[in-house]
Structure formats: C-alpha cells, structure tokens
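As structure tokens, here come the structures.
Shared between the two complexes below is chain A, which pairs with chain B and chain C, respectively.
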Partner chain A sequence: MPFDIPHTVSPSLWALAWKRLRADRVAMVSLAIVALFVVQMILSGAGLIAKDWAKEAGVNYAPPTLQGPDAESTGPAAAAGGATTAQAAAEEPTELPVQDPLADALAAIRGETKKPGGTEAAAAEGQSVDPLADVMADIRAKGTKADVAEARAATLPLGGDKWGRDVLKKTIKGSETSIFVGLAAAVVATFLGTVFGAAAGYYGRWLDDFFNWFYSVFTAIPYLLLILAVAAVLQQKGIMTIVLILGLTGWTGVFRLIRGEYLKHKGREYVQAADAIGASNARRMFVHILPNVSHVVLVQLSILTVGFIKAEVILSFLGFGVPVDVVSWGSMLNEAQNELILGKWWQLAAAGTAMAVLVTAFSLFTDALRDALDPKLK
Partner chain B sequence: METLLSVRNLRVNFRLDEETTFEAVKGISFDIPKNSTVALVGESGSGKSVTSLSILGLLPKENSHVLPGSEIVYEGNNLVGLNQVELRKLRGADISMIFQEPMTSLNPVFTVGFQLSEVLRLHRDLSPAAAHKRAIALLEEVGIPDPAFKVNAYPSQMSGGQQQRVMIAMAIACEPKLLIADEPTTALDVTIQQQILDLIAELQRRHQMSVLFITHDLAVVGEIADYVVVMRNGEIREQGAAKRVFENPQDAYTKALLQCRPRLDRRPVRLPVIEDFMNGGGHAMNLAERKRGIALSDPIILDVRQLGKDFYSREGLFGQRKFEAVKNVSFKLPKGKTLGLVGESGSGKTTVGLTLMRLHEASAGEALFEGRDILSMSPREFMEYKRRIQIIFQNPYASLNPRMIVGQILTEPMQIHGIGGTAQERADLAFEMLQKVGLPEVSFYKYPHEFSGGQRQRIAIARCLTLKPDILICDESVSALDVSVQAQVLNLLQDLQDEFHLSYIFISHDLAVVKYISDQVMVMNQGEIIEIADSDAIYRNPREPYTKKLLSAIPKGWHHGA
Partner chain C sequence: MTAYIVRRIWQMIPTMLGVIVLVFLLFNWVGGDPAYVLAGKISSAEQIANIRRQLGVDQPYYVQLWIFIKQVLTGNFGASWSTNEPVSHILATRLGPSLTLLIPWLILSTLISIGLALAVAYVRASLTDRMVMITCTIGLSISILVYIIVFQYVFAYKLGWFPVQGWGDSFWQNLIVYASLPIIILLVVSIAPDLRLFRTFVLDEINQDYVRTGRAKGLSENRIMWVHVLRNASIPIITHVMATLPGLLIGAFLIERFFSIPGIGREVILAVERSDFPVIKAITVYVAAATMIFNLLADLMYKAVDPRVQLK
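Take a look at the complex of A and B:
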C-alpha cells in the first residue's frame, strides 16, 4: 500500500514561517508578554483572580505601598473618616429623586416624548434612565458593610481609587475588557474586510464597482462621527456594542488590501490551473487563494487588535465606551483625569503602563510576524 | 594576447541560516583577454551570475561572503578587497553591466534621455547640454530610430527590444573596457534576440572592448564568443577557445549540453539527457530518426473554425477600445498528433490555448470536439469536456498552489470530477501518476517548494494526467526550464503521447523545440495564421516571408554549415 511508505512530514510554509519567527528573539519576548496578558485575562474572566475588584479594600485614594500611607490619614481614624466621606458621597445621590420637585414632571415629559404610554411606565423609565442607580445602591450597601465589617488598608500594592478599590485588581479586570474588545472587534472587522475584499477582487466588474463606491462613501465620513452614528443606532451601552461599533467601522483597511491581493492572485497561473481542472468559483476563492493571502489577513488582524485596544480606551475616555459597572483601561483613564488634579497619579500610571506594555509588545510581534510570513525578505 | 581581467581561485559562500552556508562558487579561475568575448555558460544554480556580480562587488552584503584567497585582478588591482567608493569609480566607467530584464532595469518615471545623461554626468563630468547631445548620439549608435525624438520617451513607450538597446547604450556610455552582459537576450523574442546579439558583437569590435557574456544557452554563445567557460554547480567543467569547445568538447557535461538541445536537422526518438553522458556514458540512447507528419486519414479530434477573441480596454469614462488578439483562426487537430503553435510575443498563440480551455470567453467561431461545439455549450455541459482538455502552463513555480502538498494537488481534480470512489482510490491513482512522470512516491507528502523547476513541471503534468485527458495544451511548458531539464520533460511528453495516444497543442516561441515535438506547425503573427504545414515541410521550404524571418533568427550554435 503506497500510503504505508515511510515519509517524513514536510515543513509547510506555515511551519517554515514559525521557524523563522522562533529565531527572532524580539518576537519571542513580545509573544511571551502578549501570552502573559492573555493568560491573565482568561484567569480573571474565569473568576480566579481579581474577582473582588469592586471591593473597597483600602482607604479612599490609598497610595501605593512603596510610597507609604498618607500622612493625614493614618490609623483607625482614617478608616472611619474614609467611611464617612464614602457615606456622604453615597448619601448625595439618594436625595435626588426625593428632593427634586420637578422629578415627576420631568419623568412624565420624558415618557411622553419617548413613547406615549401610561404614566407608570413613564415613571419606571425615568428611573432606569439613570444608569448609576443600581451601582449606587450597590456601593451604598458595600459602604455600610465595609464600615461595620472590616478595617480598610492604608496602602494597596498599586494604590486605590476614589472608593478605595484596589488599582492592581482593577487593572487586571480592566485588561479583560480591553483585550476582549480589541480581539473581538478585530475579528469582526477582519472578517468583513476579507469577505468584501475577496468578493470585490475576485468577481470584479459591477460587484467591485459597488464595493468601491461603498468603501469610498464609508471612508469619506469622519471616523468619530461614524462611531457616534453607529452608537446612536445600536441604542445601548455594553461591551458587545463597542465590539460592533469598532468592527463595523474598522473593516475598510482590510478590504482594500485583500481586494488588491485577490486581484493579483486571480490572474496567477495556479488559479488558472484550478479553473482548468474544473474548480468552482467558491473553491478557487477560499480553498486556493485564501490560504495564499492569509498571511496578509493575519497581519491585519494583529494590527487591528492593537488599534482597537487603543480605540476602546479612547471611546471609554470620551464616555462612549463600556458601561460604568464595567471596568476597562479606558474607564480607568477617564476616572484618572479627575484624580490627577488631586495629585493621585497611580490609577493613570497603572492603566497607562499596562496598555503601553501590551500594545508595544503586540506591535513588535506584528512586525516580526510580517517579516516571518513574507517569503521575499528571507 | 593581453589579459584585461583575471579571476583566480574565486570562492563565494552564501549564508542560508545561522548554521548552514552554501558554497555557490568553488574556487574558479579564468581570464578575460583584451578585445574579445568570453562566454560564461551554465544552467541555473551553476554560479555564473554570482561570479559576474562578484566582479562588480554587487553581491548582497548581508548574506554573501567572498572567501580570502580569492582574486579578481583588473589592471594590476585586486577588486576583491576594494571598498565601495573605489568600486563605484570602476562601475559604469571601466566595467559596466547589462541585465536580463530591461523592463525592470530602467526607471519608469524618468525619460531614457535623462537616465542616459545621468550616467554621463556622474562619470564624465559633462554639462547637461553636452550630456543630452551625447545621449542622442548613443541612442543612434545602438540603432534606435529617430533618436532625437526618442530621447524624450519614457521606458514604457518603447518595446522590449528597444529598452534593451537603451540599457546597452547606458552600459557603453562611458566607453567601458569590459561589458558584462547577464542573459541579455533571454527575455526577448527570437528575432529581437538576433538583433541584440548582432549589436553587442558589433559594438565589441568597434569599441575594442571585452565582453563577458553570461547565458544558459550554448546555441547563442556559438555566434559571438571567442572563448567559452562552462560552469556547473559552482565549478568550471571546461574552458577554451569557442571553436575547440564546440567541435571537440572534452567534458561529458559540455557534450551533454550540446546534445540535449533539439536540433533543426535531426529528430531522435528520444532526446539525449545529461545522465546519458555523466554516469559513465551508459549509451541507452535511441537516436534513430522519429517519423513526423500527419496523414489525411488521421481522425480529427478537435476542429477549430474561425476562432476570434477580442479584448476591450476602458478608455475615458465610457469609451472602450477593441483589441483583436485572435482573428479568424481555423485548424484541425488529429488524434494522437502534435500541433505546434509558434509566434513571437503578442502573436495571440497563448490566447488561442486559453480560449479553447474556456479560460477566456471566445468572441467568435466554434471549436468542434468530436463534432460538438465546446465554446457554445453551458458550463455544466462543458464540465465533461473540461476534463478531456487539459493545460500545462509555462511557469512551474507559479502554477502549483504553494500551500498544498503534492498529494492534494494531484487528488483535487479527481475529487472535483468524481474520478475514483474513495480517497484511497484517488491516492492510489495519484501514486500511479507520480510513477508515470518519474517522481518518487515520497513526493506525495511534499510541498511544491521542495522541488526543482523540472520536477514541478512533472507534477503539473501528473495533475493533468489524473483526469485522463484526450487533448493536452502545453503553453510554453518547457520554456522556463534549463536545457538539460527541457530535454527530460520533452522526452516525458513524448513517452506519454506514445503510451496514451494524447493529442498535443504545443505552444512555444522556441522553433527548435517545436520542430522536434510537432507533426504539424502553425505560425501565428498578430492574431492571424501566417502559415500551417507539416513540420518538416515548414522548416525546409517556408512559403511566407514572416516564417523565413523567424527561421533565420534561430541561433545556429557552432553548426553553421551542418
């Protein structure tokens, strides 16, 4: 039986690229860093670490351990003081619905403008408009509990935020959001760009004209406006919303590249040869050409991931990002902008450093990946 | 005879990765005498181009290394140790070079006049006006018509032959003492090749310079070289005066190179291949004359009538320009015979092949395959005929999908056409085909990049054979191969025809190859049939002037009288 003849498995082009990549020290170090981030993200996602990130483990604005505790807030007095400020802060919003004499009228107006329905529904809606309500209730509950149950630390490893939550744990939990959003949005955008690009480049003619027209119109709209528009259409805040916003707006670059690659490859002899043996269009597009342009796809996926991790941060910073009950590096930076005025720099430092390290490592890895996958540079 | 440049014990290493190095040139020595042409002949991988690049110091710095002890002596100086500044003074002025691809060697965004005067201003310190004047004179010298007008043309506005003439003009602009020509005619049509060879020979005489002519084609060398150096695998196999090497070759490899190429005056049943000469010369060659030609009684398998193919290019917003690539082509292909299709680039010969395969839609005419028109049938109906007409492309490096193993490449067509019930059956058939084309069974598990050009072409042939076709279109299928490999593939095609009774349409620009393999030859020019006749008849008594012109341009090697 000829299948039984002894043979060694030949290295495929992928295997050869991997070999080149392995010889690249920078690539391996950056890959290790990225892997570390991903492992940590998975662990926190599974609830194994940083599960209690929302717990107020330290005093408000607890400084990093290395810096030592704040001079004016030491000892049990600080803990009590912290608790009172927390309570004061917590009390403030509770007064709002009660004391505002216009609240009912406002709710009614809101209800009327949105949808003419019963006043009960309108009132309910008026309440749910406030996204902070639940969180505030939560925080209030915790605040009182913490007050009674446990004394809070004066310092935390990387400091604490306004509520005394551990910045280290927030950073870890935040990576979960940021990396997931970056990866998932990059997958969506790359998928759209690849499918559109393949169809436009392969079939050409009117389909190509259509996609090019669509592409031109799409890229003519300022990016932020587009994001706001999609956000307005999708109506709700949430991680999946951000993934969709970034994915639906980010495919254009991939589309242009993949379209070009398909234009180039469809005239190649191996594709003509596939036509000659009777391979169908779909087979030629996806079985023959796609593996030969997949290195472009992979590099684009990698570049987009880096870009989207940054984009999520910017969106959250601007307030279009993740909901308030979710922590991400962007929301941390957003909080940090107020803290900086008080000289509390650690939240900014932690989130900024984590992002910079991951993005730098990912970019270096992308560069190395492109070199390894490009046979011409051999 | 005075020596202009001598190479002594030249050794060049290439670094492949961290541990392994590859010795591309293994200690070669030869001289280039003044006022003469030396031909450096070898197949791909012989180290001939590496040798010429090391003379100019143009080897890539990062992965190549000229070993100590190597000497390239030019006018008393060893060029090997020279730094870049000193080398740059020599390059272009004393030693200059022309490359294989004129299309990529000229900068497309500058006029040829600008590029010519740039060389002159760099090396000769001429004023812009004087340089411009000299550029026109140079263009005239290399035979460009209306040089005062053409000096302002961009490279894209010139034909391939004219571009190569401009490259030559640039190379001789500063009256070099040595001109290195690296495969200067390989990318050109036969008739243009002849003109460029004549031009180089004439310039060499007029300027009293020396020429180092690098080529894979011994036949070309015979016309212009005084001395011949034959290289293989980084070593010199034989060197000497051209007449001696051609008439009385000493080395087995030289003998093989001379014999492998099909000749116009003889047609052996099988072409001799390198192995026949190298391995102790086991003469199992069958050099008996093969009968060619067609008889009226031969059954016709494909009857092409008034085939036409137009291409349209967009012009302006709505305008279109029609270009007739194939006009009114009719021929009959007898079963089990070979129809040769010859012509220069742009003659439409490839378009005929692709249109018959329906890789292009035909604009007019019909092609009757056993009485049924395959050009007008629906794609579904055509599927069965698609199996029976197969094509082998020119470039074996491009026609195999680099991401598939050979096994996948061979079984895919059978899978599409439903040949062989199970994967195991198809694999068995694939193994059988590998054996047919002379490849080991292990090849099944390898990727195309692990094979040489000749082996890849065998894989492409095996892929076609898996479908058991009746007609095989060979589109320049052996043109990209080395002479010795070419002979092997031609023998394989011949054996397969003898065994399976295949009909070939053999498309090529190489008249000697077409003469060898064809029963009938069709000459095409600008989309039209010029002449169609039995292959012996067409070579002995060409009727049309164009055919005569093509035939007279074939390099004759050293066999001028024979």
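Take a look at the complex of A and C:
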C-alpha cells in the first residue's frame, strides 16, 4: 500500500514572475496597452478592420471632425500637384491649377505653322489652341462625376491625408506593419543570438573563438551604418526584406548575454546529471539549459522589439523600408513632414502619438518584466 | 603600458580583416554584380563588360578581395559612382561639418546629463525624481523624427528664430547660426536616455561606504557628490560615452539630412539612395576602425580615472 506523502508543489519561476507582475500596476496597464495594439494588429492583418485604408474617403486634407470642415480646403490641395489634379480641377473649373508649362510655346509654334504672322493673339488666348484642352475637359468631367458618385466626407475622425484617405485607418494599418516588423525581426535576431550564444558558451574552444570574432566584427560597425549598408545592397523592397535586415544585424546583444549564461550553466550539477543519464549535447543545450536561461531570452526579445519598431520607422521614413504600397508609421511621418508646412498637423500627430504610446507601454512593460523575472537585479 | 597598447592594436587586425571581408561579401556577392548596379537600367552587354573590367569584378574573388584590401590600406577608393568626386575627398570635406555639430553636442549633452543625474540621484525616490524619470521615459518613446519635424517647423519656420536649413563656409557662422537648432534637438533627444543611464551609475555609488565616511568626517554635500561620487561614477560614464562616439557620426544623419548639413551622415543616406557603393564601403570600414580605436582609448582612460584598474 503506497503511502500518501503530503507535499506541496513549489510555484515555478514563471508562476512567481507572473505573481510579481500582477502586483505591479504600471506593468499591468502597459501590458493591456501592448495587448490592445497586438489585437489590433491581428485584426487588421486578417482584414477585419481598416481594410479599405487606401480608399479616398474624404476631401483632400479633410480636417479632423473636432476641428470642423475646412473653409478653403482646395487651396493646399491644388498645390499638392499630380494625383489631386482631377479633383482640384473639379472644384475650381475656372482657374486651372496645373497649367501645362509648354502650352504657350506649343500654341505659338502651332499658330506659326498654320498662319505665319499675327500669332501673338492666338497664343495669348491660349486655351483654345492648348493641345491639352480636350484632355483637361475630359478630366474635369470625370472629376465632377466621381465627386457626385462618391460624395466625399468634409471631415474624418482623425482627418485625411493628401488624397483624402482616412488617417485613423492609415494609423491602424501602419501599426500593423510597424508592430509586425518589430516582432518578427526581434524573433529572428533573438533566435540567431540564442543559437550562436548557446553554441559558443556550451562548446567553448575554437567555436567560442570563432563566434567572439564574429561578434567583434559585427559590433565594430555602428548598428545604423550596418543597417543602411545592408539596405543599400538589397535592392528589392518588402516587409520580409526589412525583417531580415533588422534581424540579421541585431543579434549581437542577445549573443553576449546568452553566451555568458551558458558558460555559467554548463558546469552546474544538473547538466552533469543530464550527461550521466546519457543526454546528447543538443539535448543538454536546448532541453536542459535553455529553460533555465529563457527569462534572459524573453527580456531581450522585448527590448529588441521596441528597438526594431523605432528602427523600422526611421528606415521607412527614409524610403529604405517598406514598399510604397504599404503604409507604416515611418512613411506616414514622411508625408506629414510636408503637410505640416501647409498647416495639416493631424497625420503627424496620429502617427507620432500612436508610436509614442506603444513604445512607452512596451518599454515600461519590459522594465517590469525584467524586474519580475530577475528580482536579484534590483 | 606600451606592451598593452601594442597587444591591443595587434588584436584589432583579425577584427578589421573580418569587417573588410564582411563589407566585401555584402557589396560584391550578396548585392549581385556591382557592374549592373553601376551601369543602371540602360546598358548594353558591351558596356557592362567594360565596367566589369574597370571595377575589377571580372577577376576571381580573391583578387577582388586583395584589390579592396589595398584600397582600404591606401585610402584610395576611387571616385564616387554618382558624382565622380574622389571618395577620399568626400570623406575629408564631410568630416568638418559633422564634427562642428557633434563636438559641441557631445560636450553639452554629457555635462548636462551628468549634472542632472547627480541632482536627481541625490533626491532619489522623491516626487521630483519620479517626475523626471517619467518625463524621460515618455520623451524617449517619441520618435526622433517627430522632434525634428516639430522643432524645425515651430522654431525655424513659424517663429523664425533659426534658419530653416543651410550651411555656410565660415566656421563661426556655421556653429552659431546653422548648428544651434540641430544641436538643441540632438540635446533634447539624447539627454533623456543618458540621464536615465547615468542616474543608475550614480545610484550604484551613492550608497557606498566611502560616502558615509565622507559625511562622517564633515565633508560638504557638494564635495561628496561632485568630487567623490562623480569620480567613481565616471568610469561607466566614460565607457558609455566613448563607446557611442563613433556611432554618433552616423547617428546624426537624420539631423544632417533635415537641415541640409553636408556631413558624413547625410553622405551615407545619399550614397544609399544612389547605390553609391564606394562611398558606403569606405565610410563603413573607416568608422569600424575608429570604433575599435575609441574602445582602446576608453580602456586607457579608465586607467587615468581609476588607478586601481589593471590593464591586462
């Protein structure tokens, strides 16, 4: 008859850490904010929200609803050029904002060939001989029709951009890109750093020398310069490209910490015990030691995500990041830079605030996570 | 001491070789045939063959690598692909504006951060301390892009206190007129993280026995903080400042771009935009070399600050 020995299960590291984290009010609030952003990323990735972000839902530079419709909204729109021509023409048919600079010259030439002498009058009248007059009239007609058909809103919740796209939807879509890139790149970098660090720390000797050399090579080049150099070489743009750029260059910090942890752990009794029962090297490295250093990995993952979100924004701002048909906070800030001169501040405010809120919450959560997982540090 | 310096320089050689091989692989192998990049879209097979011969990429890889090593050693990277300006001339002329911006910034930023860190750590856990730390955390989370865009718009464009952008020929005009707003923005961006970091360094020292001894023998609080604590906290501070120094050359690239300052950082961006490989290669290799030298200088400076440090 087996004895029923009373015993209490001591809580695991993770249960203890979670308990400490639960007690930290700042950590829980920031975790909730981060979770909200991640849920929003998943929803928009699945196409459930902000699917039609590219639709021109409002008038050009539609102001935020709180500010009310803009009285002279067509002025800056006309100056914005190219893509807005049709709409601007529809609204100010008497005063064409985009004149063909060659129209006069062309008219003059044409007049000269037709009836030599007395061409100045014809050229001055311009429009009648303008070779683009037909096209412009066509565009004007189309513009009016399109306007009637779609009835664009005068204001949007968070305002509209140059083409009248909803800034709120763009911000949501931009968060999806930025958070996805940050998380995915952090996973790549943490994976590389962990594998390299485990191999170097566990096997030591020439492998350690090799990886240390590799580490010193990568850290000798300032991080941003390395990223820009890789971006210069990789010509095709895409979300996966930027994930790879950030991931392949950002593993060094994780490597250093994980290598140190493996050096510390490989001589411990439990690893010797695993050796005694015949566990292979790979099993000892990844089944026995890894769970004991996983808190370091998790904190690094969190730190890297914040860093990569910031890096992605800068890369996309410069045009080395996501392709033009993908919206990111960086590309929004790039547009906002020119809009601000025209007094259209809302896209800057939306992208800037969204990023600041996420990064603040993520950083505070990372600090709390580190304190919770490694209370010795305090 | 001399033996130590010689050994450290000797140890730099494999790392430097690694950097050279990495840059070489990146630009000659990962990026595909550089001849196609240089030739651009409109090119015939004959043109490409010509360019390949000029660049030396029709040679075997080890010959190409040797050409590159010779370029690094002689500093002769040939001419820029887009402007035909010699790369060495580009580097020499762009360094001045970068340093005009970076040296005043670095001095001001370090002094202000140290001063604030000592003050905040002295009143640690008080309301002031917590408010300053919260401000720092939030300030850190706002993208540097937002700071630049808003400051440039408000202080230069709207209020007209500073020129919106530009750069002149006279050093003093550059420093006082053109560099002041960029330096202010860089200060706003850099003080928040530095203050947080330096505060932890000071906190590590402030509870040490020697502080209590100092108080016990009647030293003034000012002397304790500014002489005793600061000297001990300065070791990690020096490490941090020296380690970030070469990166700053590149780190100010956004500022240089926004304010049209013809410095190294802006040159890197332009080179990446134009696929101007010789310029990027040269800057990468030399900045890496500078990083290693500054790391050595940092180690030598510990010895000066803290005689207990044993250089091994």
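The criterion applied here is as follows: the second predicted complex is superposed on the first by the 286 of 378 C-alpha atoms of A that agree within 3 Å, B and C clash if a C-alpha of one lies under 4 Å from a C-alpha of the other, contacts with A are read in each partner's own complex, and residues count from 1 in each chain.
Basically, a contact is a pair of C-beta atoms (placed from the backbone, for glycine too) under 8 Å apart; a residue touches a chain by one contact, two chains touch by 3 or more.
Because the structure is predicted, anything quoted here is derived from the model rather than measured.
In the superposition on chain A, A:364 makes contact with chain C only, while chain B stays out of contact range. Contacts of A:355 after superposition: chain C is touched, whereas chain B is not reached.
In the superposition on chain A, contact of A:216 is made with chain C only, not with chain B.
In the superposed model, A:317 lies in contact with chain C only, and not with chain B. Look at A:333: by the touch rule set out above, it reaches chain C but stays clear of chain B.
When both complexes are overlaid on chain A, the residue A:225 reaches chain C alone and has no touch with chain B. Of the two partners, chain B and chain C, it is C that touches more residues of chain A.
No residue of chain A contacts both chain B in one complex and chain C in the other. If you check the complex, the residues on chain C that touch chain A are 14-16, 18-19, 22-23, 26-27, 30-32, 37, 137-138, 140-146, 149-150, 153, 157, 246-247, 249-251, 253-254, 257, 268-269, 271-273, 275, 277, 280, 283-284, 287-289, 291-292.
Residues 17-18, 354, 357, 359, 383, 386-387, 390-391, 393-395, 398-403, 405, 412-413, 416-417, 424, 427-428, 431, 441-442, 444-447, 449-450, 460, 463, 467 of chain B touch chain A in their complex.
Partner chain C is touched in their complex by these residues of chain A: 213-214, 216-226, 228-235, 310, 313-314, 317-320, 329-330, 333, 336-337, 340-341, 348, 352, 355-357, 359-360, 363-364.
Per the touch definition, chain A reaches chain B in the complex via residues 2-3, 5-13, 23, 268-270, 272-280, 283, 288, 291-292.
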